[in-house]
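Worksheet: one structure, shown below.
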Amino acid sequence: MVDLSVQIGSVTLRNPVMPASGTIAEGFAEIVDLGRLGAIVLKTITPDIRQGTQPPRVAEFTDATLFSIGIPSKGPDYLLESTLPVYAGFGVPVVASVSADSVEDFGTLAAYISAPGVAAIEANVSCPNLRAHGQAFGMDPEATAEVIRAMKARTDTPIWAKLTPNVGDIAQIARAAEAAGADALVVSNALLGMAVDAENMRPRLGNVIGGLTGNAVKPVILRMVHQVAQAVSIPIIGCGGIANGEDAVEYLLAGATAVQFGTVNFIEPAAMEDAIAWIEAYCRRHGVTEVRALTGAMSPRHDQKSPLQSAVL
Amino acid sequence: MTATCPAPSTAPDPAPAAAFPIADTACRVVSNEPVNAEYRLLLAEAGPAALTAEAGQFFQLKCPPTTLDRPFLRRPMSVYRIDRQNGQIGFLYKVTGKGTRGLSTLVPGDTLEAIGPLGLGFTLPAGTRHVLLVARGVGLATLTPLVQMARAAGAEVTAILSARNPAMVMSRDELAAQGARVIEVTDTAGDSDMAQVEALLRRLHAEQPFDFAATCGSNRLLQLTKALSAEWQIAGQAAMEAFMGCGMGMCYACVLPVTAPSGETIFKRVCREGPVFSIEEVQSW
Amino acid sequence: MVDLSVQIGSVTLRNPVMPASGTIAEGFAEIVDLGRLGAIVLKTITPDIRQGTQPPRVAEFTDATLFSIGIPSKGPDYLLESTLPVYAGFGVPVVASVSADSVEDFGTLAAYISAPGVAAIEANVSCPNLRAHGQAFGMDPEATAEVIRAMKARTDTPIWAKLTPNVGDIAQIARAAEAAGADALVVSNALLGMAVDAENMRPRLGNVIGGLTGNAVKPVILRMVHQVAQAVSIPIIGCGGIANGEDAVEYLLAGATAVQFGTVNFIEPAAMEDAIAWIEAYCRRHGVTEVRALTGAMSPRHDQKSPLQSAVL
Amino acid sequence: MTATCPAPSTAPDPAPAAAFPIADTACRVVSNEPVNAEYRLLLAEAGPAALTAEAGQFFQLKCPPTTLDRPFLRRPMSVYRIDRQNGQIGFLYKVTGKGTRGLSTLVPGDTLEAIGPLGLGFTLPAGTRHVLLVARGVGLATLTPLVQMARAAGAEVTAILSARNPAMVMSRDELAAQGARVIEVTDTAGDSDMAQVEALLRRLHAEQPFDFAATCGSNRLLQLTKALSAEWQIAGQAAMEAFMGCGMGMCYACVLPVTAPSGETIFKRVCREGPVFSIEEVQSW
C-alpha cells in the first residue's frame, strides 16, 4: 500500500491532487466523483459582484489555451449560501479563493468567509492593486506580504498564497509570502499572453491579454517551483500545465507537496482521478511507500551545479 | 469516469439515468459519411447518460488528432439525432477547422469521446399546436430533433430552411419524414432575403397561426423571428453558439450578453444557461 | 511592389526578417543565401573565452525546446578576425551581440568590437550581474540602463537592448533602456524553463534550467511586445516563437518594426526566406504598400479596453 | 533552399556540387522496410548535394508527425548507403521514440526532408592497408559505408559486429559483398564480452596487422579499440552521438568533452567537428 496522503500545514489531504481555482464548478460533480480528490478548490470570488471581460474569452493553441475571463464573481454571500453547500458532502477539504482591489478588502473578505466548511483560503494575488497603478499585488513582494498579513490578522483559517508567474524573481515573492505567515504557496497562476489574428488584424481575445494555460507552460512553472523550493520551507502546491500523473510527479520531484490540475479538467474530466491512480502505480514501481517522499527528490544531474544558472543560452 | 457503451441491443428503451447524469462516454462510431460538400453525419453508439439527451442539448466531442492538427479543446456539437431505439446518437457537422477535420477522420469502429448531454434544450410550452422553425446552415442540426419533440407533444411543425443553394439544404427528407412541413428558401433561388422570408412567415402565420417559434444559425433570421414573435405575442427560443472552453459551465468562456428582465445586459453561459435561450433575452451576435 | 524595408534607428534593413542571436552560425551560409535577409545577428560573445554548460544541453517538447548552452564564447578577437569576415560579403547589416559580467565590461567590449563591419550591437542583458548576486542585468531597470549607458558612452555604433522576458513589468525595463539611449529594443530573450525526467528522477538538462524557445512561447512574448510598444517610441524587434510569415506579421501588428527568427532555423533553414515571401504576399493581399505600415496596426477588439487588463482569469 | 531531386536516372554519376554544399532536400522515398525486429532501412532519391555524402557524415531528417507524435526537432541519421549510381541515399535506423516512429510511417512516394550532408566523415590515412571496424547496434549503420571507402582506397577490411543475438546482426551480407571479412560476436553466443573481443582483436592483429581502426555504437568497445590503437600505435577514429538541436553547427547543443592535445578537456560539436573524431581525443560517454 502506498500512503498518498500529504500535509499542507494543518490540512491533511488524502492525496496530492486537487483542481486549480476557476477550473471546476458545481457542474463537475455531475460528471466525476469529487470525493476522490485531495481537496476541492473553488473559483476566486471578490467582495463585489462582477461580470467579467468582453468575449471572445478563449483562444486555442497547440497544447495550450489563452483565457481571459476577468473573475466574474457572485460575491461572498453567494459563496457561503450556495456554493459551499454543494461541496460540503464529499468529505474532502474545501479551499476557497479570494481576490480584492485592496489589502484591507483581502482581509475583510477572508474573515467574512471563514466558515466551518472552509479548510483553507487561497489568496489570488494576480489581480491589480488599485493603489499601485493597477500592478498586480503578486508582482511586488511587499504588496504580497501585506495581503497575507491582512488575511492572517483577520482569520485563523490557513492561508495559501497563490503567486503570479509574471515576475522576475519568484523566490523573492515566495520568501515575502512565507515571512508574512502564508501556510502554503501555490506556484502559480497563469502567464500572461496574447494572440493576434493576422488576417483581420485584431486581437483574438476581447480583453486583448489573457492567461496562457495548459501543458505548454509546464517547463516555465516547473522551473519556478524548483526555485521556490530552494527558497522557502512551507509546502508548495505546483500548478501549471499538469495533465496527468507523470506531470504531477515531475512537480513533486521539483519540490511540490501537492499539485493542482487546471485546463485539463475542461478536456478530460477524468484526468485527476486517472492521475491519482498513476501516481500510486509510480510509487509502487519505484518502491516509494509514501508519496510525500517524492517532494524535492530530484537528484542533481552533475556533482556540482553551474554557478551561472541563469546564463542559459 | 469514462463509461463504455453497452451494445445497442441491450438498451432498447431510454435507460435509467447513469450514476452521473453527464458522462464522458467512449462511443463506438457507427458511421461518419458526408451528406453534402460541407457536412457530415456522425452516428455513434451511446451509453445511458448520453441517450437522455433532448433537442437543443449538445455534447463536447474530443476531436482526434491528425498528422497535421492537434485540437486541444473539445468541440461543442448539438445532438442531431437521438435514437434511443438503437442506442445511438448522431451529429451533423460542418468541416470548418482543425477540430472538425479531425472528426471527419473517424471511421466505423473508432471511438468517439463525448461528454454530455450538456446544456439546456428546448422547452415547448404545454399545449403548443403549431411550431415555427427557422434555420440556416448548421442551425438545422440543432433544430432537427425539435420536430420529433414537437410531434410527440402533438404539435404541427413548419420548418423554413434557408441555405446558399438547394444542394446545401440538409435533412429536408428527415424533417418531412418526421411530419414537418418543409419550406426551402435559397440564395440562388433569390427567396432567402429578409424581406421575402418575412413576407413568407406572415403569410404562413395568417394561414395557420404559430404559437411557438424556434431559430438557430443566422443572426438576421434570429432578429426577424424575434421581432415577429414579439409582434405575434408567442413564445420563442433561440439556440446560440459561442466559443467554448469546457462546455460544462466551469470556465465562463462561453458567455453571451443577454437582456435581463430588468432591462440591463448580463452575461449568461451558453453551455449552462443555454445554448437554448428565450428569444426575448437574446441580443444579436 | 511592396516596400519591405524598415528602419531601426539609423540602420536600414531591406526587409524586417533576421535571425535571433545564437541561432545561426557560419555553417548556415552553406545552406541558405544570407544575402536575402534584413540583417545578420551574430551569437553573443563575452570578453573572456567560455566553454558553456554541461551537456545534455537540449530537451524537446511539443512545438518548443529547452536549451541550456551557457554562451560558449571565443572572445572579441575571434569575432573581429574570424567571424566578421565570413559575413562581410552579403551586403546585409551585421549585428554583433555582447554580454559581460559587469557594466564596465559591457562598455569596454562594445568599444572594442565597434569595427566598420558592425552595423549595430545587441546588448544581451539576460546574463547574471555578478555584482547583484548573479541576478540578470535585464531583470532590473537600473542595471539595464547602466549597461546601455556604458555602451553608448564608449561607441557610436547603434545599441539594441535585448530584454529578458523573465521580469514582472517588461514596459518598465523597456522605458529604462530607452531613457538610457538604446536605439532599439529586442523583445525578447528566452523564458527560463526546466524539465524533469520522472522515471530517472533527474533534470533533463545538465544545467537544470534552460531557455524555453520555439512556437509555444509566442503568446507570452507577443504580449510583451504589445506592452512595450505602448511604453516606448524607439523601434521594437520582436523575437519569440516566430516560425513563419504569419507569426512575423502578428508581431508587426502588435508593435514590432522587425522580427527575429530563432529555433526555427534549426529545423527549417528556409523559414526566413519563405517568411519574407509570405509577408510580401500578405501586404499585397491587404493592399499594404509599405511593410512598415503594419507596425502597431492591430485594431482594438472593442471600443474601450478593460481597465483591469491584468485581472484576466 | 528546398531542392527537389532530379529523377535518379538523370544523375548517374557523382553530380557537381550544388550551389550550396549542404541542401535541405525534399527526397522521394523509394522504400522503407524493416530489416529485423528493431531496425528499418529507408532509401530515398537524393539531389546532387546529398550525393556528395561520405562515410561518417549524417543528415538531419524531418520526422513526419503522426496522429500521436509531433517531433519538433529533426533527427540525426548517419548515411548508411550512398548509391551515386542510382542517385539514392539510405538510412538504417532503429525505431526508438517519436521521431523514428514518425520516420517509420513513410511509404514509397512520400517526401523525406533531409538536410545534409553534415559533419566530418571518416578519413583514411594514405596507404592504409588493413582497416579494423568494431561496431555494435546502430554503430553498424555508421561504419558500413566505410567499407566501400576503404576498399576503394585499396585497403582490406575486417569488421567485428557485436550484437545481442544473431538476429540483431545487420548487414553482414552487405559488408561481405563489399569485400569485408565479417566476424560476429553475440551476447547469446557468449563471445561478445570485452575479454573475448580483446583476445580476438589481438589474434587478428597478430595474423595481419591493422593500420587503422574505426568504431561506433558501444562505449566499452570504444575504450577497448582506443586502448589497442594506442598500444599498436595505429591511427583510429570513432563516430560519436549526442543530442542535437540543429545538426548544422549553430546551436552548440551537441558538444562532447574531448581531450585537447594540451591535455585539457574541451567541448567539441559532434555535428560540426564530428561526428567522427580521432580516437585519441574522445573520452567516454
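For reference, chains read A, B, C and D in written order, and residue numbers begin at 1 within each chain.
The rule is short, and it goes like this: a contact is a pair of C-beta atoms (placed from the backbone, for glycine too) under 8 Å apart; a residue touches a chain by one contact, two chains touch by 3 or more.
Computed from a prediction, not measured in an experiment: that's the story for all the values here.
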By mean C-alpha coordinates, which chain is most distant from chain A?
D
Distance from chain D to chain C - Cα centre to Cα centre, in angstrom:
36
Would you kindly tell me how far, in whole Å, the mean C-alpha position of chain C lies from that of chain A?
31
Hey, how far is the Cα centre of chain A from the one of chain D, in Å?
49
Residues of chain C touching 2+ other chains?
22, 61-64, 67, 69
Among all residues of chain D, which ones touch two or more of the remaining chains?
70
Quick one: label the inter-chain contact graph as line, ring, star, complete or other.
ring
Interchain contacts (touch definition) - all pairs
A-B, A-C, B-D, C-D
Chain B touches which residues of chain A in the complex?
22-28, 30-33, 51-52, 55-58, 60-65, 67, 69, 72, 214, 265-270, 273
Write out the stretch or stretches of chain D touching chain C in their complex.
1-2, 20-24, 62, 70-74, 115, 242-256, 266-267, 272
Enumerate the contact residues on chain D facing chain B in the complex.
64-68, 70
Help me check something: in the complex, which residues belonging to chain C touch chain A?
22, 44, 53-54, 61-64, 66-71, 99, 126-128, 134-136, 139-140, 166-169, 189-196, 198, 201-203, 205-212, 215-216, 219-220, 222-223, 226, 246, 249-250, 253-254, 282, 286, 297-302, 305-313
